[in-house]
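One chain, chain A, links the two complexes that follow: it is found with chain B in the first and with chain C in the second.
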Partner chain A sequence: MLRAGIWILALAAFLALPHGLSFSQQEILVFLVINILLVASYRLLTLTGEWSLGHVVIMGVGAYASALYTKELGIAVPLSMLLGGLTAALVAVVLSFPLFRMKGFYFLIGSFAAGEIIRLLWKRFREPFGGAKGIKGIDPMPDFSVGFYRFDFFEPVSYYYFAGIVVGVCLWVLWRIEKSPVGLTFHAVHWQDKLAEASGVNLRAYRTLAFAIASGFAGISGALLAHYVGTINPNSFDVEVMVFVLTWAIVGGTATFYGPILGCIALTVLNEIVLRELGFEQMRPLIYGAILIASILFLPDGLESLVQKLLRRKAAPAKERVAE
Partner chain B sequence: MFSRFSRRTFLKSTAAATVAASLPRLAAAQDKVIRIGFLAPLTGAVAAWGKPGLDGCAIWAERINAAGGIKLADGDYQVEFVSYDNEYDPAKARTGATKLIREDGVSFIMMLGGDTWPGVQPVADKTGMLFSTLLPSDLSPETTTLIAPAEVHPIYNVTGVEWLAENKPDLKTAVMCAQDDALGLPSVATYLAAFEAAGIEMLDDPLLFDPATTDFAPVVTRLIANDPDIVCLDTCYSDYVHPICEQLFQQGYKGQIISCTADFYDQMIAKTSEEFMEGFVFQFPDFDDPALNADTINFADPNGFYAEYNKRHPGQWGAVSWEYASIMDLWKAAAEKAGSADPEAVMAAMKDGGKGDHAFGQADWWGSELFGIDNALVGDWPVVVIEGGKARVKAFKSIPDWYARHGDLLVKHMTAYDQMWNQRS
Partner chain C sequence: MLDLLAQTGLNAVYAASYISLVAVGLVLIFGVMGVLNFAHGELFMAGAYAVVALYADAHLPFFVAVAAGLVFVGLLGLLMERALFRPLKDNPLGGLVASIGFLMILQSLAVMGFGVRMEHIPPVTQQVIEFSEKVRLPVARLYVIVAAVVLLTALWYFLKRTRFGWALRASAQDPEAAALQGISITQTARIAMFIGAALAGVAGALTAPLVSVNPHMGHSVIVTAFIVIIVGGVGSLEGAVIASVVYAVVHTFVTTFFDGVIADITGLSLMLLVLIVKPTGLFGSRERA
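And then the complex of A and B:
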């Protein structure tokens, strides 16, 4: 009963949220929802102990693929988004052959190099990738009506609902994967790799699987972005954007499913709304950097540790009451 | 001390403070205000082509407001700029355009353009808002509410090469480097056309480097390997022009350098030498130049503007410091002519008769052949040369005249680099 109530409240909050925001905040909300999927998918990869610097480029693979499927092949936008995700997963599988010959720091650098190669290919081949200018005029989601509500996808509220549903489903799948035996094996690959290998776990296969799944969902987030903004270029997926993803994950923490999401929400609200509204527009990189350093110094386990402390505090009196 | 601060005192002082705080607002409310959007990169790698423009606009607004503001049919209006840092990102540019139009109620939006315009275009299409860009390569037949009234980048670069060929005819060979991006490539095509028109031989294909490049030693080594007479730096960002010049200096190059911009050239001289930078040709004047006091120049009091700018932002004068302000001159004249700030009315007044008052003289609305639409204002453009450590305008040369003679070459090279409007994906 309680759980049903929580879900109804969450649904009501999801539906009501954009209506309490300004137009520009609604736009930011759309990008926030897309970035939540990006950073949550990144966490799945980190479960196996590998941190990649190519995740944003993989997001770009999904974006480019989905844009090209609609532009060149005339495939419907929702289907092309799914295919964009699949393409990103396939590219990840191909990249895994050289990349998973490396571990740790070497994998990090290798993933960066692989990402840069992909970005250079987008720049080099003007046909079909549009070169440095990228692809413009990407088909938007076609508008439609469900009787009581008309989805006009130029409007951020409509796209927020659409992206919110897609991201919600993806997060549920990611959650289920993490809680499944496969997800537990990802943890084992990270923390007990020798023991896991001795137990018959194919480490490389599981690392590849995590990389492919994470990339598939990153690809879907890229496709969501491409069909909303209507344009993509190689700079949209450069290492600077990757640094943002890393900071979301580091500031939020990666021990829990919600940690990176918390980091993404907190830092996006801070950077895009609070600092702009306070008139610190041009000082944002400076303040953002200072907050990042402060959070690492004073909150090394991430924002998620605050939530965990809060939950423990609430749980403690309840236990005491039970003991009495 | 605290005991004296009673509840009554608190209420009195709070009431007084509230009244005092509201006074300027009441005064301001009596003035009618037109808001202008400034949607450009103010932070990040491309901020040098946004931030100085906003600083210039602040000076422009103060001058116009002090002179009585903008005179429309229903009275005089003060001008106020509202900025949004788009970080040269199309998604943030879309958010910024939405904010400026739907929340701030601006009447006109100025942009740098480039990568950010495609993100904004759907917003422009839906709202009919009038936008300006510094990069006419954003123009296409679909961009009916986008104008390029300040600079026709990169077409004006032909004037520098033309001047060089006329004044230094012994220079016969050239090489070129550029960052491989939306700014670099159309400029490469333009310089290739200009060199071909001037009879200057290219010793090698243009050297395109990745925008992420930080070490320019190998780029320069390869560039000057064939001992060229001219090194062309295309439209490189100042973050590239400076290290490339340093490398040219360190590797002993003594020939001619030509570039679209030379922002913060005083720093370049400090890093190299006055002798090395002597004769450096580029396209953007300092506005204390006596040549800008000619009757044909439409920018009001350029010397005073430059002095004020340097007083407030010493050492930060750059290519775009005056450009956004010059767009505002054009917009103001059109709004006053139309008697309204309505974007459609201003656009019609601006293009009335097919001519407009560009900062450097009267110019034509032009561009259908290259951009698919006549929304670029083209006329004369200055050729600037560094002499004795100071930038000096050497000549104003006509872009339409050059195009009438060599337009086919420009189209040829633009086509080869997929830069014609109908080739852009």
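And then the complex of A and C:
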């Protein structure tokens, strides 16, 4: 009963949120929703213990693929997004052959190198990737109507609802995966790799699976971005964006499903509301850097650890009452 | 054709010089601290901006500016050791993540202090050594080559022939055993950070009049340095120098005969290949990660 109530409240908040905000704030909401999917998919990858530095480039693979499918092959937009995600997953499977010969630190560097190679390929080949200038005039999502609401994608609010629904479905799928036996195996691959292997778990296959799934959802988030902004280029997916994703994940904490999402929301709010309104926009990397350092020094388990502390404090007295 | 080969060879020697300064510093820090310093490219950038501030803006002599850059960036290294790496000693990914944060701070400070535009630095010297009509070596590049040879020889002497050097290598090999022998790990960490950072700073300072100085110049530097230390083996100083030469030759020749982007792709592919075939690098023996 209580849970249903929370969900209804959350849905109402999701629907009501963009109203009363300015145009640019509504646009920020769209980016926030897309980034939530990106960082949540990143967490699935970290479940198996690997920290990739190529995740944003994989997101770009989805963006480029979806943009090119609509432009060159004339595939309709929502379908192309799905195909973009699939393409990103496929690229991840191909990359897994060299990358999963490495672990830990080497994987980090290897994923960085692989990502840079992909970005340089976009830059080098004007056909079909558009070179350094990238792809312009990407088809927008076509308007449609569902009876009581008309999606007019010239308005950020409509795109926010659309992206919100897509991301919501993706998050639900990610959540189901994590709670399924497959997801539990991912945990085992990270924390008990020797034991898991001895029990007949194919470590390599599960690592690849996590990498492919995470990449697929990152690809979808990239496609959502591409068809909203209309222009993408190799610099849209550079290391700086990767550092932001890393910061969200670390500030939020990666031990829980909601941790990275919490980090993403908290930093976006800080960034867009506090910094922009106060006119500190130029200092964004400085403040992000300082926050990254401060959180790794003083809050290594992320914001989620604060939430858990709060919840436990509330739960503890309740337990005592039961004991009495 | 012979002229072109000779000229490209000279360019490669120059590139190998500053790359090896950066890479050796990175390896030294990794060896002693166990931290991959992502901010190393920004330390290079800080050295370049020291020259912008002192030589181009304040009109001090070039070599005074370079020396000041060396000390300044070395001090930045000490700051990183004290504020970031020492508290995060027990967190394997922590130091790396913190160095990414430090990188963003340095970049942002450069933007605020100097603006995002490329800096114009007056040439230090217009002199050129002419080997033949088409084979020329600008003296400014010769400075970089000489500095690399001198500094790396001095470092080699320091590490292999002095007591401090012994202590440093001991604590890189086995910190606990070194501590039990009465070596102060904190002290060796400080020395390693100072030297490692200062080498990157001096490389940036010396090359500042020869490259485009901007707040984002560190990116290509760190990518190059990563390639070099992976190819050379992350724990090996000699490997880093040899790999710098290999990389510089490959990159310079591919740039001359194809183009820069293909050269970058070649370099990164080389690194991936080494990671796949022999992750300890061509010259590394011991794994530390």
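Basically, the second predicted complex is superposed on the first by the 323 of 324 C-alpha atoms of A that agree within 3 Å, B and C clash if a C-alpha of one lies under 4 Å from a C-alpha of the other, contacts with A are read in each partner's own complex, and residues count from 1 in each chain.
Simple rule for what comes next: a residue touches a chain if its C-beta (ideal position, glycine included) is under 8 Å from a C-beta of that chain, and two chains touch if they have at least 3 such contacts.
Every value quoted in this text rests on a predicted model; they were computed, and no experiment measured them.
Because the two structures share chain A, they can be overlaid on it, and in that overlay chain B clashes with chain C.
Contacts of A:Phe31 after superposition on the shared chain: chain B is touched, whereas chain C is not. Legend: residue contacts after superposition of the two complexes on their common chain; A:Phe154 is shown touching chain B, with no touch to chain C. Touch criterion met: A:Val229 reaches chain B, while chain C stays clear of it.
In the superposition on chain A, A:Ser22 contacts chain B only, with no contact to chain C. Contacts of A:Arg126 after superposition: chain B is touched, whereas chain C is not reached. When the two complexes are overlaid on their common chain A, residue A:Gln282 makes contact with chain B and with chain C alike.
Looking at the shared chain after the overlay, A:Pro142 reaches neither chain B nor chain C.
Only one of the stretches 27-35, 63-71, 207-215 or 225-233 belonging to chain C has C-alpha atoms clashing with chain B in the superposition, and it is 207-215. For the contact definition in use here, the residues of chain A common to its chain B contact set and its chain C contact set are 116, 120, 123, 239, 282, 284-285. Interface residues of chain C, counted against chain A in their complex, comprise 36, 84, 87-88, 91-94, 96-98, 100-105, 107-109, 111-112, 219, 223, 226-227, 230, 261-262, 264-265, 268-269, 271-272, 275-276, 279, 289.
Residues 42-44, 51, 83-85, 88-91, 94-96, 98-99, 102-103, 115, 118-119, 121-122, 126, 180-182, 184-185, 210-212, 418, 424-425 of chain B touch chain A in their complex. Put simply, chain A touches chain B in their complex at residues 22-24, 27-28, 31, 71, 116, 120, 123, 126, 128, 130-137, 140, 154, 156, 225, 228-233, 235-236, 238-240, 272, 276, 281-282, 284-285. Touching chain C in their complex are the following residues of chain A: 51, 98, 101-102, 104-106, 108-110, 112-114, 116-117, 120-121, 123-124, 239, 243, 246-247, 250, 282-286, 288-293, 296-297, 300.
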